[in-house]
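Chain naming follows the written order as A, B, C and D, and within any one chain the residues start at number 1.
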Amino acid sequence: MRVGVLTGGGDCPGLNAVIRAVVRKGVKVHGFDFVGYREGWKGPLEGLTMELGIEQCRGILPRGGTILGSSRTNPFKLDNGVERIKDNLAKDGVDALVAIGGEDTLGVATRLADLGVNVVGVPKTIDNDLSGTDFTFGFDTAVNIATEAIDRLHTTAESHHRVLVVEVMGRHAGWIALHSGIAGGASMVLIPEQPFDIEDVCTKVKDRFRSKYAPIVVVSEGAVPMEGGEMTLVSGEKDAFGHVRLGGIGDRIAAEIEQRTGAEARAVVLGHIQRGGTPTAFDRWLATRFGLQAIDAVAEGDYGKMMALRGTRIDRVPLIEGTGELKLVSDEEYAEAQVFFG
Amino acid sequence: MRVGVLTGGGDCPGLNAVIRAVVRKGVKVHGFDFVGYREGWKGPLEGLTMELGIEQCRGILPRGGTILGSSRTNPFKLDNGVERIKDNLAKDGVDALVAIGGEDTLGVATRLADLGVNVVGVPKTIDNDLSGTDFTFGFDTAVNIATEAIDRLHTTAESHHRVLVVEVMGRHAGWIALHSGIAGGASMVLIPEQPFDIEDVCTKVKDRFRSKYAPIVVVSEGAVPMEGGEMTLVSGEKDAFGHVRLGGIGDRIAAEIEQRTGAEARAVVLGHIQRGGTPTAFDRWLATRFGLQAIDAVAEGDYGKMMALRGTRIDRVPLIEGTGELKLVSDEEYAEAQVFFG
Amino acid sequence: MRVGVLTGGGDCPGLNAVIRAVVRKGVKVHGFDFVGYREGWKGPLEGLTMELGIEQCRGILPRGGTILGSSRTNPFKLDNGVERIKDNLAKDGVDALVAIGGEDTLGVATRLADLGVNVVGVPKTIDNDLSGTDFTFGFDTAVNIATEAIDRLHTTAESHHRVLVVEVMGRHAGWIALHSGIAGGASMVLIPEQPFDIEDVCTKVKDRFRSKYAPIVVVSEGAVPMEGGEMTLVSGEKDAFGHVRLGGIGDRIAAEIEQRTGAEARAVVLGHIQRGGTPTAFDRWLATRFGLQAIDAVAEGDYGKMMALRGTRIDRVPLIEGTGELKLVSDEEYAEAQVFFG
Amino acid sequence: MRVGVLTGGGDCPGLNAVIRAVVRKGVKVHGFDFVGYREGWKGPLEGLTMELGIEQCRGILPRGGTILGSSRTNPFKLDNGVERIKDNLAKDGVDALVAIGGEDTLGVATRLADLGVNVVGVPKTIDNDLSGTDFTFGFDTAVNIATEAIDRLHTTAESHHRVLVVEVMGRHAGWIALHSGIAGGASMVLIPEQPFDIEDVCTKVKDRFRSKYAPIVVVSEGAVPMEGGEMTLVSGEKDAFGHVRLGGIGDRIAAEIEQRTGAEARAVVLGHIQRGGTPTAFDRWLATRFGLQAIDAVAEGDYGKMMALRGTRIDRVPLIEGTGELKLVSDEEYAEAQVFFG
């Protein structure tokens, strides 16, 4: 049996650990051959392959990135995309595919499975917003990086009486902000699921200064002001201090806080350092176990499934379960930690 | 309402995070007062108290150790131990206790609960061997420290053609060894649940050298040779205190490997660095949530319970469930990762 | 003898280590008393003091920030600033001052020394741009944080064929960029001392992609385009991709690279995480030794001096030597590592 | 011109950075060819070579170990060792050698240089005990690892009233112990250069407990008791290989402290984790600059020299200067930090 492997979407610590586990168990236990498809769905679409065996997987466990490369190519948006993939799989003698990726990559996998392609999926997102699994790998690494950054900023905030706004990843879901905010001892956590009132944020900033502690505000990149609580500084304008304070939500919140409270505020945008580099032990363990389970699913012909962490077990759930709906922070989960915030 | 808090047993990253969460929610939401009992059960036994409020908990979230101190005192092994505890609780006006600790500390809590003391427990062990909960805090930190050590040793093993034996914590359960062995890409993992054959270990060492890779053997401190596979080098004498100080299992395995294979072997015993210092983000998050749930249990009069992680939820389970039986690595869990080992 | 201590300017890992060393040796060896002046020169100006003894310095060695607080107050810019300082020192019975700070703080110290105030200075700047000393504390921490960030970004750059622009601190001097660029294996390092040609940067980006490696460009916040090599996207405008790409030099360079080369480019602005949190071992060692030497200078009445690292020795140099002229990256030092760049 | 490169002796973070810099500048600037000699002096002795060019050096900068492998082979202890080396160099067309190593490796280089071999040396020792240079690469990494370990142990010592003895590397010189002891806030530092009185150590342990702080004792592996202050507990027997494996100095001191003071004491022996894994930024920078200077020395025919850090400059000094005499901690350097100890 010959199995193709591909990785799609943004970078995520643990991708190589999945690939290594898939290949190692595939070769050693199931006696499979492998084809590496390069750059996500572009690989089977354009026939971009690379040799993939135990040798190629040596030493990659602790390394970020993906030896297969990645892209955001979506075959369903291209002419004859599906046909070209089927043709290339046939030409390469590939019987089954392991697709490792997030919402988009697995969305393609789901549709291909419906069209008869033998595919199993491994969920990947540092945002942790895929349904059907307790956690995805990469998330723990991102949360640790954000938490270390918050740890570092605490002393600056205290010693210099500054407000520090930390913008973390999370377009649709606030998991990284919530977990790193709890772990880092933030004063406030603003997430996409709970639109904020900028005036309320500023009140809490002033309260915190009154009790002599400098505030750290953790904000998801996708956080938005609520209706009636809009920010008034227009993106691109200079703020009251003459700084051009622009771009993302973190910078804008810092500018508003300065203008409304008079306290110095600075934004730190963590950006891509959250999604690169060596994975934490948890992410390597989870990614490895996803990989082992995925190749077992292939061996059993259990296609159309996605690997999922449930407690400490790795289960298989229908692909559609993981990609149907985003997993958001619930009201209860957001409320749980409010006693530390504000 | 007045609540006592104590921490017992060995050091564990996250203890302060639990204390902070208990106190903060207790004061802010439930309007409770707190008494800090110092040095585990010795505190209520001997009336060792300290002030405990929001102020005492500032800045402790990222810090290892416990502001309450700890001990291994067991009141059931002392004359009138239980009476003295009840008397001191009454004298201090304490209505309920939050006991944070491992098997021993929670074992005492379980028996005190049976005797009518209002107590809730928070499970603590870096070994992760308490039943009833998916994970305990401190474990993730220990696994990350062990994994980083293994990462560092890889290059030395490769460049210098040496066998490196890494001894990690785990007297009865091999969780730290198994998780760090998977995450660190070890060649072998020896755990208490699976007695090893030293000759088999040496065969695998030689095989690995034959394929040009230097082996890293991760071993739990409680690992033991199987019958018929005993080690033959005599271990160190007992010292003046009756401790067999010299030559833990790691050192002994390294010595046997050298003798039997002729390859240079060195042991690294990680010891106490696994249980001190700042907790990982996961452990801070878990410890914080355990603390929040524990004080809610007190507020609801739901005594005799232990906090437990189930998936991503914090549940309460009967104390007896956590302390009745150790949670060991199952045959399946050990088998799962064997494809990387040997 | 009674000694005042103050810390001025921006945050810098190692400030607490200096304070601890000054106080500990002052008390234990020289038998001095101490007064802590809060918030830089604002402290002696407004009589803001705090108790400062061995007890206040317990546990602060590994902590970022400064227990004395800081500010950018300059007494020479205020009415009667110098008189008020002299009056307060007299009122507090302070015989000598240890001033820990950067160019501005030590500039004030230099002028006060000329006016008869007994002051010794300890140089502090994460930018490493103070003359007279091989290194300043805080710099090594900043370089390590930047290097770890670059390490993390490498895998993303490779796996996703992106240009990553990392903006590090350094308004006037490129030391952090140069050291972290060498240590992180950057493809290019742009520093204030060497104005760059944006077209040349883009050529090198294309060359690097041609040899199949993704470029990482490290840029000091103070880097500037050379005459004739200006960037053309106006700050604040949308770029060719519709992104509002603004603000700092890092963002602007990324935008220009995207527009001119067609390659995806992202900027990561490390900001304040470079100047907070626990110091590296080197910075703790250097800060501690500066503190020990500073209090010895006080004990010897050797005022008007600044502590300086020369090789492995701590020397004392005239304050004016440290503050007279910025220490910039020389042409030779920039040229030395060019073989890795471009 | 064709240049051989070899690495000898124990593992040391930064070896790969030197190799990369030598090769990159050698190829790009000087137009040299390279031969990699494997496993130290064994390489040119037995003709063990590997291809070495820019391609082989990609991605190795942040990696511990050495792509060339290492050994402790000494050609002067073997029959016709020198002749065989000269023959192999001639056969391989090698005009000059860059030897990277410690006392032994450079000692061989020194003698070969006297015998007419064109060789330049790069000093390598995590112990930092080579003369002629302010620091050697690998040392900063080792000190940081030791310091992080001490940081972790502090909370355990405090919370559990334990004495913790940390054994660090340093057979002949106490540099790692001294620097990490200062940086980690140790209570005592015992080094080979200053024989200790065990009774004095125990008195200080008791004093420290009396002032309510738990002691951390940092000890070099080569520390020895002074005459009249011997330890009385017998250490472990020799094992079958004649190694006294059981009970290094750390374990023995902990045992003595327990017996003499009644306080619980534990030893942590850091061992090989100090010499593996990714180098710090400082070590990468230093190693890189050593490599650049070494290949320039070759290009200039300036043989018989060793690279040396002097302040912030890289100088060349006669090989004999580095290997003639060990660089030990002076009485003044040991005395400097005593105010923190005891």
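To be clear about the criterion, a residue touches a chain if its C-beta (ideal position, glycine included) is under 8 Å from a C-beta of that chain, and two chains touch if they have at least 3 such contacts.
This one's a predicted model, so the numbers in the text were calculated from it and none came from an experiment.
Undergrad: If I list every residue number at the interface of chain A and chain C, are over half of them used by both copies, so same, or under half, so different?
TA: same
Undergrad: Tell me which of A-C, B-D or A-B has the interface of C-D again, with more than half the contact pairs shared?
TA: A-B
Undergrad: Express in whole angstrom the distance between the two chain centres, defined as the mean CA positions of chain A and chain B.
TA: That gives a centre separation of 30 Å.
Undergrad: Using Cα averages as centroids, what's the distance between chain A and chain C in whole Å?
TA: Each chain reduced to its C-alpha mean, chain A and chain C end up 33 Å apart.
Undergrad: Can you check how far apart chain A and chain D are, centre to centre, with Cα atoms defining each centre and the answer in Å?
TA: So the centre of chain A lies 40 Å away from the centre of chain D.
Undergrad: Which chain D residues sit where two or more other chains touch them?
TA: If we look for residues of chain D contacting two or more partner chains, we find 151, 278.
Undergrad: List the residues on chain D that touch chain C in their complex, please.
TA: Per the stated touch rule, the residues are 24-25, 28-29, 58, 61-62, 134-135, 140, 143-144, 146-147, 151, 179-180, 182-185, 213, 278, 280-282, 284-285, 288-289, 292, 310-312, 336-337, 339-340.
Undergrad: Please give the residue numbers of chain A that touch chain C in the complex, ascending.
TA: Those residues of chain A that touch chain C are 10-11, 15, 63-66, 69-71, 145, 148-149, 151-156, 158-161, 164, 235-236, 244-247, 251, 266-269, 271-273, 275-278.
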